[in-house]
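Read through the structure below, which is laid out as structure tokens, and then see the notes.
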Amino acid sequence: MLEVRALRKSFGGRPVLGGLDLDLPRGGCLALAGPSGCGKSTLLHLLAGLVPPDGGTMRMEGREVPSLRGRCALMAQDDRLLPWMDLLDNALLPVRMRGEDPRRREGEARELLDRFGLGEFLRYPPGSVSGGMRQRCALARTLLWGCPLVLLDEPLSALDAFTRRTLQEEVLRLQGEWGRTLLWVTHDLEEALRVGDRVWVLGPGMEVRERLVPPGPKPRPADGELAALRERAFRALEGSRG
Amino acid sequence: MARLRDRALGLGLFLLLLALWEGVCRGLDLPPYLLPSPGRVARVLLSQAPELLAHGAVTLGEMVLGILLGLGAALLVGGGLFALPQAERAVLPLLVATQAAPVFALAPLLVVWFGFGMGPKVALTALVVFFPVALAFLQGLKHRDRGREDLLRLMGGGRIARFRAFHLPGALPPLMGGLKTGVCVAPIGAVLGEWCGASRGLGFLMLQANARLATDRVFAALAVLVVLGTGLYGAVDRLERRLVWWTRPEGRARWLERRERKGRK
Amino acid sequence: AEKVRLMLDWTPNVDHAPLYWAQARGAFAREGLEVEILTPSDTADPLKLAAAGRTDLALGYMPQALVAASGGIPVRVCARLVARPLSTVVALEDKGIRSVKDLSGKRIGTTVPGMMDVLGKVFARHHGLKDLEWVHVGFQIVPPLASGKVAAVVGAFRNVEVVQLRRQGLKPRVFPLEEGGVPDYDELVVLASPALSKRPRVLAAFRRALAEGLEATRRHPEQAMSAYLQSVPGADQAEEREMLDATLPFFAKDQKLDPARWRRFADFALREKLVEKPVDPAPLLLRF
Amino acid sequence: MARLRDRALGLGLFLLLLALWEGVCRGLDLPPYLLPSPGRVARVLLSQAPELLAHGAVTLGEMVLGILLGLGAALLVGGGLFALPQAERAVLPLLVATQAAPVFALAPLLVVWFGFGMGPKVALTALVVFFPVALAFLQGLKHRDRGREDLLRLMGGGRIARFRAFHLPGALPPLMGGLKTGVCVAPIGAVLGEWCGASRGLGFLMLQANARLATDRVFAALAVLVVLGTGLYGAVDRLERRLVWWTRPEGRARWLERRERKGRK
Amino acid sequence: MLEVRALRKSFGGRPVLGGLDLDLPRGGCLALAGPSGCGKSTLLHLLAGLVPPDGGTMRMEGREVPSLRGRCALMAQDDRLLPWMDLLDNALLPVRMRGEDPRRREGEARELLDRFGLGEFLRYPPGSVSGGMRQRCALARTLLWGCPLVLLDEPLSALDAFTRRTLQEEVLRLQGEWGRTLLWVTHDLEEALRVGDRVWVLGPGMEVRERLVPPGPKPRPADGELAALRERAFRALEGSRG
């Protein structure tokens, strides 16, 4: 679905991406983990076309494109909800922006928000709900976006362990149902191993330190095997610092 | 309780300012034809109330119409300059010109085009209101939150949809600020308009009183004008509280309450 | 030399030519005066500022001086510059106004509300005009007349606007106010501040210099013209000359302040409610 | 490249507007004393350039001083009303009054207090500049980010320290917007001031030309005034870019660069 | 040090805190974990005095106080950095607000930021660094605040596993060195068990579901024991949903 070659970007002389290659097959989920400040968010912004790259090419379904603008959904690291709309309207924003009548998708949005535990808060403005609730709303908005490729920047970072697990499953279920392709940035190794069918651990400059393939189809096998992988990933992160 | 105290404090300050004015008049021994004392003005206000009110109503009508017109034009021009930023350099001198043009450069044109009816007054009011509103609106549109804008752009959709959902609400606080300036200067517009041809209105009254050297009547008309101006300001302030509800917790709470009350019906 | 501030009634115009000419030919200096000429923002200001002592002398109009006196503003009249009314009712022949009667049923503009509308109504009553609509036109006289928004303007100066209209190729019809029931009055007089009123020698010196300026202007209008043009750079010389010529017959020929003439106008003013309280003009006039 | 194209577009629009004006003059057959055509105005501009420039310099000086004074007053009053919100209701009528007061009510007072020199001109300019700036500043201060304010309040410290570190920078964008309005209306102030007794300046020139029905000279003076106004606007725009650097990525990059260059020295 | 009794708060009729009791002994670290939206942030805001409580009492060192305003440092859930100041100035903000000369503490701030991995970015404005970097700066600011009681609202949520571990240790080290008392809200159970000497797992309405005492002094014992505790905490969270 997506092929990225030699993507480069530096900010004011400080290189962030030094020639990244990336392939996303349709329907997969690539999970990216890496030290804070290594350039994960920058990569997603480059892909989405919010920031111009210094070099490199992107091919989407064989055709070269300048960026994926209009071809991908993005969940940024901060929620970016509009403070003057309630959660439901915020979640329906991509529908409205597409020019569709939001009422036609309202049922779907209500159901999704309900499953995300926001059923009682549909009419609350973002300023009156908790950080985790805002994040869940932003995730719902991203999923209602309707693009086959979805870029997620730490989508569950503000959620407790249990809600997080629930939502991981929810997102993967929808991915399967709706046939989405995911690029999932997370700093939680367990999450990466749980949701990715490939997991890359990155180092500074977005150099790929470790490529892990979690065993077997979801739901995941015993925790023991995962723990070992997690340990390996952790060592890679640790090494990338030294 | 707290609100009551606030009001009392406000009233106290107001009285203090009046006392200061009275003091200036007496202390500096200013003759009443230069600056009448508040007491003198109050006497005129009382004795000539019906006339002042009648003329005030005329001027109020002109101001309200002018404000609406100016606001509409400001929304259009502010939005237009935002959509076409290259035009700013070209259009700006024109706008500055309309502001700097002394009435006597505009008055003949306005009279020839609009005659002596309400037209020129409304046009001049609209002109003075327009400017601060348009600039504040433009400024608000420019200093938008880039992160949210980027995301909305990714969602695609027309510029108009984006403008309505994002840019417009985001620019509401400065817009309302500009509108406050606008309604405060609206009296100037109406009065100037009345100077270039009128037979009614507070501006006309002031001119008449001035020719009769009745400075206290000038100030009485001015007082009525000020009450009208502050009244309009208060109205805009209320509107702002209602429209820009999301910045303060109380505002959000009230909004939620209202929504729920509506939902229940 | 004695420093004296003199505030004009409005921006410099041909009415003031004698002052500039007196200044330029050293008439003030010879009388031991150093005159500084100031311009006001509004015709009502010079009088107020003279009363407040911010200027020593100010130009004003006879009706205005009476209004001031009735309002208790302490200025005194010490000299005169233009001894007959310049304000008139002006209409355009181009718009079909040939005689006063043609104005009936028309819209009439007035320049200074509270003053010219009063005089205008006297004029209308005198000529038996009916169904008039009054509107204040402010600073603008030519445009509304030329565009037919008003049929006539009360308060147009016969030496300024009438000339301007003519130079625009229009045919103005002039109806003098003094032929319309308004008593004859001094258009431009010089008012003195309370402090200066107590110094008759300075005032006398000023009057002598002013008289010299007036006389010299009548005798050598071209020289007066060039002295005056120094103060109004960029003015159209031909037009200004035409205006000056139109003004010459109206300049004061003497400095007599006639109480009877003032009284006539004061009575008229009270009758027509131009002033609210009766005024005795005699103490207002500084005579020598 | 893009900048060049923008400029060309701006210039094109400007010429288009001039052409429109010329067209209006010819098409409607307006006599030049009503609205002189741009060609006529340009001729006057050229032939009387030295005089216009000399008077323009006087007016520019008045405007610059008035703007500085008005800005200072606006910062004080805006900040004061923010610190003492109860005062708003009391002080506002006063402010509206200063705006709505016709020159003829103010001019004698100004002359009495400031004499005939630059004083009244600077004072009137300051007065008209003051108002939009103060209101915009107040509006900016009110619509602050509550979360950050709460945190700063927890840190303790005086209100002044908090104001300097948080409220003031946060209100800079609207403040600069208000200042833009302010510099655009500054010409009005200076011109009105020159009507209260002056012998130099563009306002004086216009008044004179107007009395002589020389509308083309009025417009030529107006053109100079507009150039001055837009120039000041441009200066404020630059200042804004420099002061409010953090809202746009380019601004941040430039700021960082500058800091690093300074650090290296 | 701090005793809270029967603290209550509801928003527009919806109860959030239904009478919470809380004791913090000096020098300890109480870690709070709970489902998203249960009221953790609200609790910290109540304590800090940013939101008025509906009822309840607070005693600080024996004296009853209306709130801890001026007596505690708070790290809010979002970073709340000032966008017009560089990271160093942001970190030094509490010092400056106290009226002290920030230059006198600059060395300390530089060292802390350096240890937090921001040494190269001291002069960057918050808008030009990554989310995790902003969070680290906000944490540094909170520690430089100089109050003995520190309220942390998910202080490490935007950090990768390795950086997170490093910073946990750093904070605990400083806590010991400077004698601080911590109230640490986190949704990461492992983190709660690692940093807290008491761990509470909360349910909706901030009812305490589980009180865990992690074994032994830091550094922690074998992962096995922790894992068991984690499992228990997770079950508690899960139960609080059902």
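Chains here go by letter, A, B, C, D and E, matching the order in which they are written, and residues are numbered from 1 within each.
What we mean here is this: a contact is a pair of C-beta atoms (placed from the backbone, for glycine too) under 8 Å apart; a residue touches a chain by one contact, two chains touch by 3 or more.
Bear in mind the structure is a predicted one, so any value in this text is a computation, not a measurement.
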Item checked: Minimal step count in the chain contact network, subunit A to subunit B -> 1
Check: By label order, what chains touch subunit B and subunit E together?
Finding: A, D
Item checked: Chains in simultaneous contact with subunit D and subunit E -> A, B
Next item on the list: Determine, using the mean of C-alpha atoms as each chain's centre, which chain is farthest from subunit A.
Entry: C
Next item on the list: With chain centres defined as mean CA positions, report which chain is farthest from subunit E.
Entry: C
Notebook entry, point to check: If you average the Cα atoms of subunit C and of subunit D to get two centres, how far apart are those centres in Å?
Noted result: 38
Margin query: Can you compute the centre-to-centre distance for subunit C and subunit E, using the mean CA position of each chain? Integer Å is fine.
Written below: 83
Checklist line | subunit A and subunit D: spacing of chain centres that average the CA atoms, whole Å | finding: 48
Notebook entry, point to check: In whole angstrom, what separates the CA-based centres of subunit B and subunit D?
Noted result: 18
Next item on the list: Hunt down the residues of subunit E that sit against at least two other chains at once, touch-wise.
Entry: 11, 78, 128
Check: Taking each residue of subunit B in turn, which ones touch at least two of the other chains?
Finding: 30, 34, 104, 108, 112, 195, 210, 215, 247, 249, 253, 256
Note to self: By the touch rule stated above, which residues of subunit C touch at least two different other chains?
What the structure shows: 42, 44, 48, 52, 139, 142-143, 147
Check: Which of the chains touch, listed as pairs?
Finding: A-B, A-D, A-E, B-C, B-D, B-E, C-D, D-E
Next item on the list: State the interface residues of subunit E toward subunit A in the complex, per the touch definition above.
Entry: 11, 33-37, 40-42, 77-78, 117, 128-133, 136, 154, 157-164, 166, 187-189, 233-234, 237-238, 240-241
Check: In the complex formed with subunit E, which residues of subunit D make contact?
Finding: 147-148, 150-158, 161-162, 165-166, 169, 245-247, 249, 252-253, 255-256, 259-260, 263
Note to self: List the residues on subunit A that touch subunit D in their complex, please.
What the structure shows: 11-12
Next item on the list: Give every residue of subunit C touching subunit D within the complex, in rising order.
Entry: 7, 10-13, 38-42, 44-45, 48-49, 52, 54, 139, 142-143, 146-147, 160, 164, 168, 232-236, 239-240
Next item on the list: Mind listing the subunit B positions that touch subunit E in their complex?
Entry: 253, 256-257
